[in-house]
Amino acid sequence: MKDYGTIDNLGFARVDLARQRRQGVPEVVYGAGKTAGQIAAILASLRDHGQTPALATRMDEDKAKAVADALGDGFAYFPEARLGRLGTPRVPDGHGTIAIAAAGTSDLGVAEEAALTAETLGNKVVRLYDVGVAGLHRLLGCVDELSSASVVVAVAGMEGALASVVGGLVDCPVIAVPTSVGYGASFGGVSALLSMLNSCAAGVSVVNIDNGFGAGFLAHRINHMGICR
Amino acid sequence: MKDYGTIDNLGFARVDLARQRRQGVPEVVYGAGKTAGQIAAILASLRDHGQTPALATRMDEDKAKAVADALGDGFAYFPEARLGRLGTPRVPDGHGTIAIAAAGTSDLGVAEEAALTAETLGNKVVRLYDVGVAGLHRLLGCVDELSSASVVVAVAGMEGALASVVGGLVDCPVIAVPTSVGYGASFGGVSALLSMLNSCAAGVSVVNIDNGFGAGFLAHRINHMGICR
Amino acid sequence: MKDYGTIDNLGFARVDLARQRRQGVPEVVYGAGKTAGQIAAILASLRDHGQTPALATRMDEDKAKAVADALGDGFAYFPEARLGRLGTPRVPDGHGTIAIAAAGTSDLGVAEEAALTAETLGNKVVRLYDVGVAGLHRLLGCVDELSSASVVVAVAGMEGALASVVGGLVDCPVIAVPTSVGYGASFGGVSALLSMLNSCAAGVSVVNIDNGFGAGFLAHRINHMGICR
Amino acid sequence: MKDYGTIDNLGFARVDLARQRRQGVPEVVYGAGKTAGQIAAILASLRDHGQTPALATRMDEDKAKAVADALGDGFAYFPEARLGRLGTPRVPDGHGTIAIAAAGTSDLGVAEEAALTAETLGNKVVRLYDVGVAGLHRLLGCVDELSSASVVVAVAGMEGALASVVGGLVDCPVIAVPTSVGYGASFGGVSALLSMLNSCAAGVSVVNIDNGFGAGFLAHRINHMGICR
Amino acid sequence: MKDYGTIDNLGFARVDLARQRRQGVPEVVYGAGKTAGQIAAILASLRDHGQTPALATRMDEDKAKAVADALGDGFAYFPEARLGRLGTPRVPDGHGTIAIAAAGTSDLGVAEEAALTAETLGNKVVRLYDVGVAGLHRLLGCVDELSSASVVVAVAGMEGALASVVGGLVDCPVIAVPTSVGYGASFGGVSALLSMLNSCAAGVSVVNIDNGFGAGFLAHRINHMGICR
Amino acid sequence: MKDYGTIDNLGFARVDLARQRRQGVPEVVYGAGKTAGQIAAILASLRDHGQTPALATRMDEDKAKAVADALGDGFAYFPEARLGRLGTPRVPDGHGTIAIAAAGTSDLGVAEEAALTAETLGNKVVRLYDVGVAGLHRLLGCVDELSSASVVVAVAGMEGALASVVGGLVDCPVIAVPTSVGYGASFGGVSALLSMLNSCAAGVSVVNIDNGFGAGFLAHRINHMGICR
Amino acid sequence: MKDYGTIDNLGFARVDLARQRRQGVPEVVYGAGKTAGQIAAILASLRDHGQTPALATRMDEDKAKAVADALGDGFAYFPEARLGRLGTPRVPDGHGTIAIAAAGTSDLGVAEEAALTAETLGNKVVRLYDVGVAGLHRLLGCVDELSSASVVVAVAGMEGALASVVGGLVDCPVIAVPTSVGYGASFGGVSALLSMLNSCAAGVSVVNIDNGFGAGFLAHRINHMGICR
Amino acid sequence: MKDYGTIDNLGFARVDLARQRRQGVPEVVYGAGKTAGQIAAILASLRDHGQTPALATRMDEDKAKAVADALGDGFAYFPEARLGRLGTPRVPDGHGTIAIAAAGTSDLGVAEEAALTAETLGNKVVRLYDVGVAGLHRLLGCVDELSSASVVVAVAGMEGALASVVGGLVDCPVIAVPTSVGYGASFGGVSALLSMLNSCAAGVSVVNIDNGFGAGFLAHRINHMGICR
């Protein structure tokens, strides 16, 4: 059993300082429901213990500004993805390229969260946006990028059919991310989630609704299979 | 206001003898929850008042046998579609062809219910079966039949992506039929139903889960636009 | 297989310039989740490539104003339907009239979205508003308009019974649009949606909750059966 | 506070011997999940303490046969309604007539449960069956019976629109009973239940799915307003 | 068949001027989703055709103020119930008293909507508030008022147990109104709604979540059984 | 950290031989989805390592018979509770009595599962059956037993109101067990579950639907607070 | 049967002045949906009748300020828990310590509501925060505090796995509190709620989503088993 | 774009003969809803075109027997997994080992489906069964096997907490498979599914309920990253 290592107990949080050694990636801060002060303190603790690059997800611009003020240089904020990053991205070194395919313009925030997460952790990423199945030729025009990827992240709301169609075109793992884009009976992403879980294409797995971070993180792990430990 | 005409009151049912004049098609018997005797009596009433060809849906083989015994010649039963028909189909005379596309072998019962309904009411039907999106080239191999149809009925369970992909390929109305085929989080057809309602392709509408009859009936109406009254 | 043609890749969107040739109608912009700048850029691309009249749905008044400023003459905005249109409507040329029946005053926004979509694409439309089934004589007073239509769009929230009653009165296709009007156990339109999917009247199909555009578009397709290609 | 009276404690059940004095009607036995022996013992206790006519609901034919054997004369069983009755019905003495309207032939079991309950408790009942809204003239042909009723029980599955349409036609209380008749997205009666709860007609209230007994009982109470105590 | 009478077609609404003659009560205006101008115009039409007292439900204070300005004297607004009334209440003349029992202080808005509706239509009302079952002696302290009522309206959120307990105490009809009061797994009133539908007490029926108006209206109808027509 | 002890690895199961020392009670066998052979093997392993009395839940009579044959003397089966027990119950030694209150005769199986579990583990149990709230005086007649209990288990289906009413009467912990008894909108126990979770009475917690074992086990733990370790 | 005592009827509320004598703890004010004036009046009534310390839950800061102004000294407000307290906490006197374990920083508000409730009622509390199962060693580092507690309250959102893991580690009752922390398919706490209800560990029961008060109250009752009456 | 190759059109199915070349694995037959004859014909077509080893999922023993009779030697059936295989498994050649961890004995069928799928496609598999989190030391005893795996498949029903705990222990991709094991509020696997989607551990993705095949297939793809094409 590996060493589970030291914890930095901040009172409101126990920062896991051995996560990088144990799992290859430092702890990631889930920003929703935390104050800017709490986020900054956790990121500072990670930095002070050499756990960078570190990510904080789901931060609005106001929180990001306060966190940036507290941390100074080295912190960058990506508003479309609502993602903050402390430290510089790793040099890309995985098996191949991670393709991020997004069905529509409204899905870009989630897609960017996935793309930036993967890039930060050291992966080459190719972005294929607005390739929803209603205009199938747009997707078919990207078959080369899809076929040469080592992992595909398929991001879609509404009926989420993109995951199944992509899953039938490629021979690598497909990570499906349902988004809350849609209206009426899309039920905040449930329709896309169910579609993706029931995909008739093999090789597709699913993360939570709007969980771009989770998809980017998992794509990184797969792309570093046999490399990252 | 049209004449709403006579009713044949059988006690357990009020047979609508003016449905054919009013709506172009005789009343259709919903067989579930009715006894074979009740179904036979309603069909006989329709026949005796010139309301044929008449259909009875959702009959298992035992009921069908009893109905056949009661009605004699002129009654046919289609076991895969669980459909009974009294009288001969009309001669096809609509605008064009109705294409019935089904995603998988397990969807054939529903697809056949749609196809036989449309044929009975006087339409040419082309069957395109096992064209699910996980093997996209199977569907793309049918583009000519799809493009030349006047209506497409898209039948699929699981994630129901077929409707969106077909909807992006054709320029005619698409009637989507979710089926209860699937397992786990398909929830008896709910996943496919939600996918189809949230289709990103325009020109798609949806009928109830497993409602092949309803799709075939509506396809007939659309295919006879300006003809059937 | 038809020519799937050129795409105008704007980075955030791939505008489908062959949609009009392929499907008879230009791409429609789904306005929710897009910035005014993105909407204006897509509409401008469509205009510059001769793809008008072009529609943008689900725009609030602020976005519409910014889009109007960007596009200049030729752009009109319809606030009740939250719909923007670039270019002039086509001359009506379908088989007949499209009747838009709405149950209550609160359903008018969705009904107008359907009506304006159909008028833009070249159809005669008759509006029958506040004809909910609780005062049945209001609906029965419109039977002539309903009976002479080639397609009926039935728009209703709450219990959505309008679709079934209309479906029993006419012999043409009925497109049911559930609306999110209601409270308590209407669950944002789910009650009306389920009613319409389970309609005991044949010839009824359903689009997504509040999807007036989808209903108007499909009604156009049906009304141009054998004409529009 | 009224006298809450004696209880006959059978071990597996505490029979409420004061229910008739307190609430005007003896305890009713819910037959599902009880053995024939338990049902017979409770009914016998009620009979032995003068609490008849007594009802037992939701008994299949096998249980009914065993109960009949145990109780001897005075017990009658109604198979379509799955209802058992011990003792003779009361003489009808309410304000007026209770109309039981049922949408389709498949709803008759629930409708009969309501009708027999009301008749047993002393009410005149008129049965209006197969009057679903898809053939509106069948319902409109019954307007006289509906208008002259003191209470209407509206029984329907599928989309349950009957309750709203009846509610708009009459000026008396309407008790809506959703049934589990239907398929696909009817979800065992949920669609009809939601429709009825969201009825746009005032004066409509709802009981549980398939609860014919509850509707008949409540109709009796309303019809005896100011009489039965 | 009764006379279904004239309609005042305002364009956005068809005011039913025969509702009072046909159903004993004028049309009631559902205020949500209507502008103040629309509400005032409908109420003015009702007043000008002698259809008062008239009610408008679900109006916030701003709308109410604008409606009051437009209509002048004779319009009253009840903020807790969010109810507007034009004209004077009828003189109470039903069989007996309507008891409105509410479980908690947070349920009072819905309870008042029921109480004011019933008073407006001509009924004596007794209010029994904060009698939830967690302090059973508070409810038992009201047994006399409950027992002497001709109808009880039971208003409760959270687990909605009040309806069942009241249903077991009285021998008159009980109308249950679930409210959206609660948190967590109360799901906006669904928990209370399901409880009430599944009540083990006979004689209970249910209206939509928060539908105080519907309960008050139905209580009026029951309390005027054999009187109001 | 306590000793987590040895495991008996049977291949299909890893029997936890330190559970009794660690948690005061041996592992309990969840019988559903296991063969009789597997159940018997696990029970034998527990017996051979001194871990009795041992329980196996959710066994039908056929499985129980096979298990009894395999284990010989010392195994008892309780068909109403579908519970098997190997070894003799402990001598009762908790703080006080555990009262098991059940709403109706149909809930007895679940109630017995709770009662037998608690008795096996060493508790005095009093059974209060058929005390549903629709006949409140039946429950009020048991107030002495309820008030003198150290824990109350409240078992109810349908609307589950029993938990709230009991919760308001006693000053000890109440464990609510929803049952799947009911029909229509009871949804297999969901209605009762939601009622119990939303109980307006403090001191009530909830276990899974039909989980009599869990309630009996937890009641034992509470009744042995400060005793059992 | 105990004395159910006097009530202070404030019109909008019936304050239960015998709750402390009957149930050991005064009535607790549910602050949501009540005005500051109503809350203050109820608390004042409790104070004036010697029913302190008294709690009011779910108050935002503005309400709390107004209540503090009205009540003067003796009122304290805890913003993270949104809890107000009138009077001084009781001296701790239960069997042992109550451990409050919370999975993440975002769950602290609910955890504090539980902790403060238990402390107010006279219990020693140990707080174990940020011990979610994704970093298992953080939880395992707290095994001593958990093992020596007499009750554990496990507070978690997202997948709620904390309750099962804790349940397997301890031999005392575990009260699980699902929180609404999470996104996507957490559905406002439903995911955590279902996890906790289905916990494979025995001895776990569940309260409503975010119901920290209920958990703290029940923990108090269990910790005072045989003491508090 | 790759060659999409020939199809063997059997009428009821279009067998995709290029799937192995295109995606590295032959088409897999979904056995539910197909007759034994259909399954055998598809498998024979695959064999005749060199597409083995071929799998057929979800076959009961009767179907399997008929398929075995039709295909002769080379067909093997695994009853616990309900899986049929034609041809010999590939020689294991992936990056490392696939660990299949299952929470309980009742989950073994699904776990075996995953394990056999992965073995057939050429992977080393280690089985870790009955390691549910309620007895955490059983899981912790397997940390070495888990840590040295290249992919972990976590199979669990009930509350599905296994996925989160495993996800926190390892640094490789985790594929979570919810199973339908459980009762009450497990809702056929929905509880486990939601838990897994909301896992607080990064690197976890989810497949459909009971979809052991999908998990095994995806694990194979990940384990052959950079190898299998």
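Note that the chains are named A, B, C, D, E, F, G and H in the order they appear, and that numbering of residues resets to 1 at the start of each chain.
As a convention for this text, a residue touches a chain if its C-beta (ideal position, glycine included) is under 8 Å from a C-beta of that chain, and two chains touch if they have at least 3 such contacts.
This structure is a prediction, so every number in the text was calculated from the model and none was measured.
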Maximum distance between Cα centroids and subunit E occurs for chain H
So, in whole Å, the Cα centroid of subunit F is separated from that of subunit H by 36
Rounded to the nearest Å, the gap between Cα centres of subunit B and subunit F is 51
Express in whole angstrom the distance between the two chain centres, defined as the mean CA positions of subunit B and subunit C. 26
Would you give the residues of subunit D that are in contact with at least 2 other chains, written as numbers and ranges? 104, 135-136, 184-186, 190, 193, 197-198, 202, 208-209
Okay, what are all the chain pairs that touch? A-B, A-C, A-G, A-H, B-C, B-D, B-H, C-D, C-E, D-E, D-F, E-F, E-G, F-G, F-H, G-H
Subunit G - residues contacting subunit E, complex: 4-5, 7, 11-14, 16, 19, 27, 30, 32-34, 38, 58, 178, 180, 189-190, 193, 208-211
Within their complex, state which residues of subunit G touch subunit H. 103-104, 132-136, 158-161, 163-165, 167-169, 182, 184-187, 190-192, 194-202
Listed in rising order, the residues of subunit D that touch subunit E in the complex are 1-2, 22-25, 28, 95-96, 140, 143-144, 147, 150, 170-173, 175, 193, 197-198, 202-209, 213-215, 217-218, 221-223, 225-226, 228-229
Flag every residue of subunit D that touches subunit B in the complex, lowest number first. 104-106, 108, 129-131, 135-138, 141, 181, 183-186
